[in-house]
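If you scroll down you'll find the structure; I have some questions about it.
Chain lettering (A, B, C and D) follows the sequence in which the chains are written, and residue indices restart at 1 in each chain.
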């Protein structure tokens, strides 16, 4: 249930609602809102009588929430959440573009790519310092050295940094450096890591699991948000199907579905979905056209020698071309 | 193997190549080309020595074709195939829009919808007269009466007609009336029907099967084309996955993949993929942005009373809105 | 709705029920039953008042049927349907084994294999005369010559014959020769072909489509049965998933689910599901253990030279081994 | 590469091989073997010249390993790994049955169920103390209190205990109590947790991820084993597909495929795969018949009041029936 306060409700009136929720044995979850305060009620197994609240002073309405996810739902908060990172707003109408190599390989490599993607219009630099690897014998990333390089890239270019945290321990270290902490697809239901992310002061980029339903995806975000971190950016990155012409199948209807059900921003990662360079630009256009709030794109100046995911990385000039197309689409605002 | 003739090759030189192919025990498949003639070789189990042909007069080149599909492959014919229906070119850069109700219900219903979609900019009217139904107890379509209605719609509006043929017998009757004969997803591997479609003088709209790979999809088109009908329009209509927020998962990377592998035009059907109205416009935008040559969209003036697929049919004013957005996207030509 | 007659109901009483159903504008579907007659009602959009029937003489009960499929449902007919082919009962507790090569290649090839599988205990010989092929350039089967060979195999070995009909025209010819007519996975929703099969006097082996739900599978059987052919054998043959260690994923829970919902017998085809020899015997055991009424298994005396599907064909001695294991499992009757 | 030593090789000869591997810059991984010692070589990007080793004293052979997984592969270790827990051998031919409630609810509940499953023949008790939950608002398990209950169950019944560890912190606590530590499907690619599990002295039960390929599954086991823990039991628990008649699709061909590729034992969890009681017994039979080394089955004495997964839990008398069937199957040893 969601208690919607009058626009001019006083703090005392809000406190009274919070107090009543606690007295009933439930958990109050105040929701940030530009116009007025709303207070979610968590922890109830069954329906609650709205009459408990509508009689209180300053209460405008008490609304039943029908979804398993509460805080992330549009029922609870109709207006879009905008996550601001540096000067980039994500979820407010602009197309936020995060670009960079799959893995951080060296400062030199990162600077070459960072300068190129910045020039083309990206505002956020991506690069993996800690890599979740199917094989224990693959390159696992430069780890702490990689984080240092990312910090140096930000210092020199002004780009914000997004990089993946693969466990609790790494999250602490990523949190100290990154502007956005990424939780990867394989960890979408690592609830313990989600809980830790929910206590971070940094925004979280949450990727959809490889076979997650929309309900599971939004519930994963709920795990983060109910710990207090409201700055969540969702990311569709392709799902596993029988199809073999792309690594995964980018599910763009998921973006429409999420927009309907949740107030959170959602971006697309066509690079990991496709797994092959030639589909990245068309799928980027499609993602923006369907309504994504941004893109995450892999770029490498020398993909054939990339330590990771070269076949899907765009060359810098292809990325420039992509950005031109994205800007055109963004301008017409379809 | 593909034998490419010189631009000024004579008919006698072409005949000599055809003769040589037959003598080797293979089947010649001459390919239409605006610039020059090419002749595909079918029926060989293993590689053929190009020397058999390069020594002949008028032969420019003999190229190995590495794909299981031959005639539909871009290796065989690098330039796009453009299928012309009335004044509408499909595959030539324009966005061809086919719109109308799921099922033909009455002349009055069809005329209301046809006038609306025509006014909005569609050039082709869709409507099922024969419906393939999961249940034998569901409405199976108006059948021949439905075909008469479609013919009347064309007479009165000038719109071209596309409608589905569900078996040989129906294909004969559809062929007599429709401008484009549709082969549905459930019949994509009904090879006997494909063979019959390959002998038709009408263009074929071939929908991708619900769990067809791209190779299987293009091979189905090859079944049609190797019978002599080169006017094929492919259609991506969603694939079956675990996802439950849309009826099927529209696989837009399939459009990029097909464009790379084949010279045939390909459109998208977001209505059947989504199965719900609220995703149709965003997915239509995404389909055009990814590079589809057209759209097939369900429209009904009174969806709540539609005999079939009401929940996914757009209202006429929504369709107008969709067409405005499509025109804007087409204009910027991303 | 299902009208259940008293055990001693007279023909006149049955006729009166049929007459009443017709008068209400619906279609009566009398059901064969060893104990008493039941009459299904088809064609109603909504619920029917049972009072229309319970007052008639000889009527024991009028039962609402909640499934979209009627005639094939266990609600309509609680006892198992047993399809008898020669001396082999399918659905009555025995394990019916259909074995043979993927494709009929020659009389000699078929006789070698037929003798081997007969000796090992199979009672039905399988072999494709008409092959549905992804590629138009692949071997399409010996066609009518193949049917003649199958007829000769039966004459010489006494084995019953099952072979696939890929379209109407072929079905006529297969019907004249085969003991069981197979409808393949690709044609599971070729409703026109199902309708024709429903008018045949021969039993139908209906394979599950590659991405068919259980409801769609049973509705396909309903398409056949509502035309009057009650002798249907279902076949689970694997579904399309992301998994790449077998060609398709054999879905054995489908067998449990079908047994619960329908009175029809169901067998498994582990050869096509696996696509590789080494999984055929373990999956055969699992199929019998889960409750399948039989198996369809590919066997070839010289798989490396088979014209089709060699990699999944068992050698005759492996098939003997399989039959020994199947008999052991059947004996313990788990 | 795998260096296979002669049966009578001395420790000095083994040490010389280990030394040579290190000198070449690679990592030696000695493998336990009852007959002779073998030493795996890890960390090489490309092929290694066998001549480096075959000339050394006591070396019988140097074998190239073609799979991405090394230590878990049958190429490296042809004989089956047997994991012993109490008196139960897993992987040695017996069928090990782990049974109990989805979640630990109370000591009383656990004792009732534990006595029942022990009497029926199970040797290992399962019960979740820490539950990974899609919703943050669902019952998360009794946590440490649950572990105490499990320890008490073992004390009173002698049953071994298997329970899930959902993160590092929980793994420490589970390790102190359980006989087998379970890593759940959602954590199959939580590489950090796998690494920690690899350092445990307790056997690990590793469940297949919901959309994991066999390669990914075995690579996850490799992550554990390359840390030194060789006692791994794999578990097939169903994969995500379009099918809706069971919660997931139990992929029994995965068991055959794993047996071929790896020496590790593998069991099946039909309860989680099916998600419904009526499929658990048939799928259990099928799992044993296909070659599984054991079963994990949910049992509850009062499923309608279970805090978790009641609909799929067997009643104790159904479990007794299942055990009778499993014993019969095990006896005939197909």
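Brief remarks follow.
As a working rule, a residue touches a chain if its C-beta (ideal position, glycine included) is under 8 Å from a C-beta of that chain, and two chains touch if they have at least 3 such contacts.
What you are looking at is a predicted structure, and each value in this text was computed from that prediction instead of being measured.
Both chain B and chain C derive from one sequence, and where they touch, over half of the residue numbers involved are common to the two copies. Compared with chain C, the chain whose C-alpha mean position is the greatest distance off is A. Each chain gets one centre point, the mean of its Cα atoms, and the points for chain B and chain C are 34 Å apart. If each chain is reduced to the centroid of its CA atoms, chain A and chain C end up 49 Å from each other.
Annotation for chain D: residues touching 2 or more other chains are 211, 240-242. By the touch rule above, chain B contacts chain D in their complex via residues 240-242. Contact residues on chain A toward chain B in their complex (touch as defined above): 211, 213-214, 239, 241-246, 249-257, 260, 273-274, 278-279, 282-283, 285-291, 325, 328-329, 332, 334.
Looking at the complex, you find that chain A touches chain D at residues 42-43, 68-70, 132-137, 166-170, 186-187, 189-193, 210-211, 215-216, 219, 222-223, 226, 240.
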